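Comments concern the structure below.
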Amino acid sequence: MSVTVCRKAHFNAAHRLCNPGWDDAENEKTFGVCSNPNYHGHNYDLIVKVTGEVNPGTGFVIDMNILKGIIEETIIKRYDHKNLNVDVEDFKNTNPTAENIAVAIWNLLRAKIDENLGLKIVLYETERNFVEYAGE
Amino acid sequence: MSVTVCRKAHFNAAHRLCNPGWDDAENEKTFGVCSNPNYHGHNYDLIVKVTGEVNPGTGFVIDMNILKGIIEETIIKRYDHKNLNVDVEDFKNTNPTAENIAVAIWNLLRAKIDENLGLKIVLYETERNFVEYAGE
Amino acid sequence: MSVTVCRKAHFNAAHRLCNPGWDDAENEKTFGVCSNPNYHGHNYDLIVKVTGEVNPGTGFVIDMNILKGIIEETIIKRYDHKNLNVDVEDFKNTNPTAENIAVAIWNLLRAKIDENLGLKIVLYETERNFVEYAGE
Amino acid sequence: MSVTVCRKAHFNAAHRLCNPGWDDAENEKTFGVCSNPNYHGHNYDLIVKVTGEVNPGTGFVIDMNILKGIIEETIIKRYDHKNLNVDVEDFKNTNPTAENIAVAIWNLLRAKIDENLGLKIVLYETERNFVEYAGE
Amino acid sequence: MSVTVCRKAHFNAAHRLCNPGWDDAENEKTFGVCSNPNYHGHNYDLIVKVTGEVNPGTGFVIDMNILKGIIEETIIKRYDHKNLNVDVEDFKNTNPTAENIAVAIWNLLRAKIDENLGLKIVLYETERNFVEYAGE
Amino acid sequence: MSVTVCRKAHFNAAHRLCNPGWDDAENEKTFGVCSNPNYHGHNYDLIVKVTGEVNPGTGFVIDMNILKGIIEETIIKRYDHKNLNVDVEDFKNTNPTAENIAVAIWNLLRAKIDENLGLKIVLYETERNFVEYAGE
């Protein structure tokens, strides 16, 4: 009997789309206004989905407060009110597209969540643009 | 050609997290404020997802009004404006965590939906905490 | 130049509609399922609106973090994960309708917000039922 | 490493539920008010989900602006501010239920999206009624 | 002590923008795709706001269930699953713009709500386009 | 008969809270993480409210498409995918708090909207923090 529990969090960050290995003209051509060298930003909404058996004692797959704490310590402190390109090591050599941010978040959380539990994330860059990643 | 039709419903209920087999101290330690003996409550949002072939005559997997009626009769009348721990048989001996409520709802609906149709539910306890269950 | 700054918060609580001066039959007749003696509950969303001049140094009417702290200390600690009828002094002799909860919240906040600032609140009992109060 | 990117769009359209092969009485009996011969209408929300490998150069599964353009050209121009039964060829002989509209949209998009990429859509007829289709 | 209680409702309808006193060319020129002779449609969201003193017995400005019933009887039955231009008398000679629908709704409700109570409505044609009217 | 028509728009931007006349220590002390010298960012939602008489010919207070165009030309092109502190003249000497951005937007729009029409704006910095301004 496997249930998925989901927790929503958010962080506000600046970024620009930019392949660090490309010159300015190629970045501008590929990413347009998203490549503004002075950055723009987003309110990112993050949904973390954890799948597993329900513990018969607690009735929990994972205590939502523990999951909330893991997300806070692992992701929010690292990304919130930051410039993803400048302040965050994960994107020093990686373009902070929604796809790449989602993969980075999944890898960070995977290391903190019991390996018997499944993990999937949904990351909203805007209400209209979002990505899903399950480590596969 | 298999399509999933989804219907959203909601109910308002009181509950407290409490393993009926544990003493007060253990419940308080495990569940914190969620175990307040005087109860707290939620606006629960429920999404019911039914998967199957599209009927070539009606163009429906299942008539949304029939699905709405099944949810109303089976779940809303049972849970809405109730104290889940006190008024609802399903949680007399079961802790009404989101996980356990989702499993109870799925079991109640499974008995009313054609067995050729797939069934999955999503239950929101709050906008930030929700669970998914597909009977597996 | 007067700007209104708005901060959204929420709390989860149990309640029942019940005039403490009426007998059970009259409460049941007037409030129906909302008067269930075992309580039901809601996820309340609260919007606090503070109006005043923009401080030329900070660019703030009021620091949103200070406002957030006042709401947390004054309202959320008092109401969240509580049974409004049983646990909260404000409704010992007052029926916790959305109207009366809004008036109680406004009075509590009014005492903590600079008297030169205007104060209005919006309280959502559900997505479909909400009330507004400005102390007038 | 497979990521799903999702793009939300919307269109406003009139329709009526009606099997063109049935007489009025049978349509009325089966579809009730939804079969009003003078039509009613909806704000449809469409989510298009595209799954594939992340391009190491761009960091994209698919450029969201290209995906937005495909949806605009293929779906929105075809369905927005239209009467689905009268103006749109896809429903000349097909009842425009949410299920059938979803299948039609999926087929139209499938022809425009690289065959190496997975495709799934979610179509909201109202906030409470929506369908999912993945071409299976 | 005056509180405003708000109730949200919705209806789905077809319409076209069209001044019945103008010819087709002028309607097309002024209203563009919104004037499609075959109609398009919307999910309208309606918020009804009623302002007055809180009754000391009930704790209500107006019983939300009574308000819900008035909206259902007066507006939803009249407009839901209808073609506003064809089926609804209010727009036989009036262009069903959001502005004019709002005024019509306000007038219909004003006749049913106690004259000692204030009345304001908000009508959403889409999430991005909405109007407010208070009878002034 | 005065109706208010409302149009929602949005823009994504980077900013930092910083009084250009203060030193780093004072900015850091006053604005905390919001003063990160490398910037953070937001998805801003903007609601523009225009109040006036309904034109008896069109049924409009103002053509929503014209209002949409004014917002696009005047605000979105100026602020979207920009760094408010660096790229936008309005905040060269002004701290881009939500309050100050709202006042700047109102002033820009006021110059483009017929003076017989009332103007109010609502600016969401996040779902939980927003401001209202009506030029008074």
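Letters A, B, C, D, E and F name the chains as they come in the text, with residue numbers starting at 1 for each one.
The rule we apply is simple: a contact is a pair of C-beta atoms (placed from the backbone, for glycine too) under 8 Å apart; a residue touches a chain by one contact, two chains touch by 3 or more.
Computed from a predicted structure; not experimentally measured.
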Contacts common to chain C and chain E (chain labels): F
Pair with more cross-chain C-beta pairs in contact, given B-D and D-E: D-E
Interface residue overlap between copies chain A and chain D, same or different (over half shared): different
Chain whose mean Cα position lies farthest from chain C: D
Euclidean distance of C-alpha centroids - chain B vs chain E, Å: 34
Centre-of-Cα separation between chain F and chain A, whole angstrom: 28
Residue list for chain A, restricted to those that touch at least two other chains: 127
Chains that touch, pairwise: A-B, A-D, A-F, B-C, B-D, C-E, C-F, D-E, E-F
Partner chain B, residues of chain D touching it in the complex: 17, 19, 22, 30, 32, 94-100, 102-103, 127-133, 136
Contact set on chain E toward chain C in their complex: 1-9, 49, 54, 57-61, 64-65
Residues of chain D that touch chain E when the two form their complex: 10, 12-15, 33-34, 36, 38-43, 80-83, 86-87, 126-127
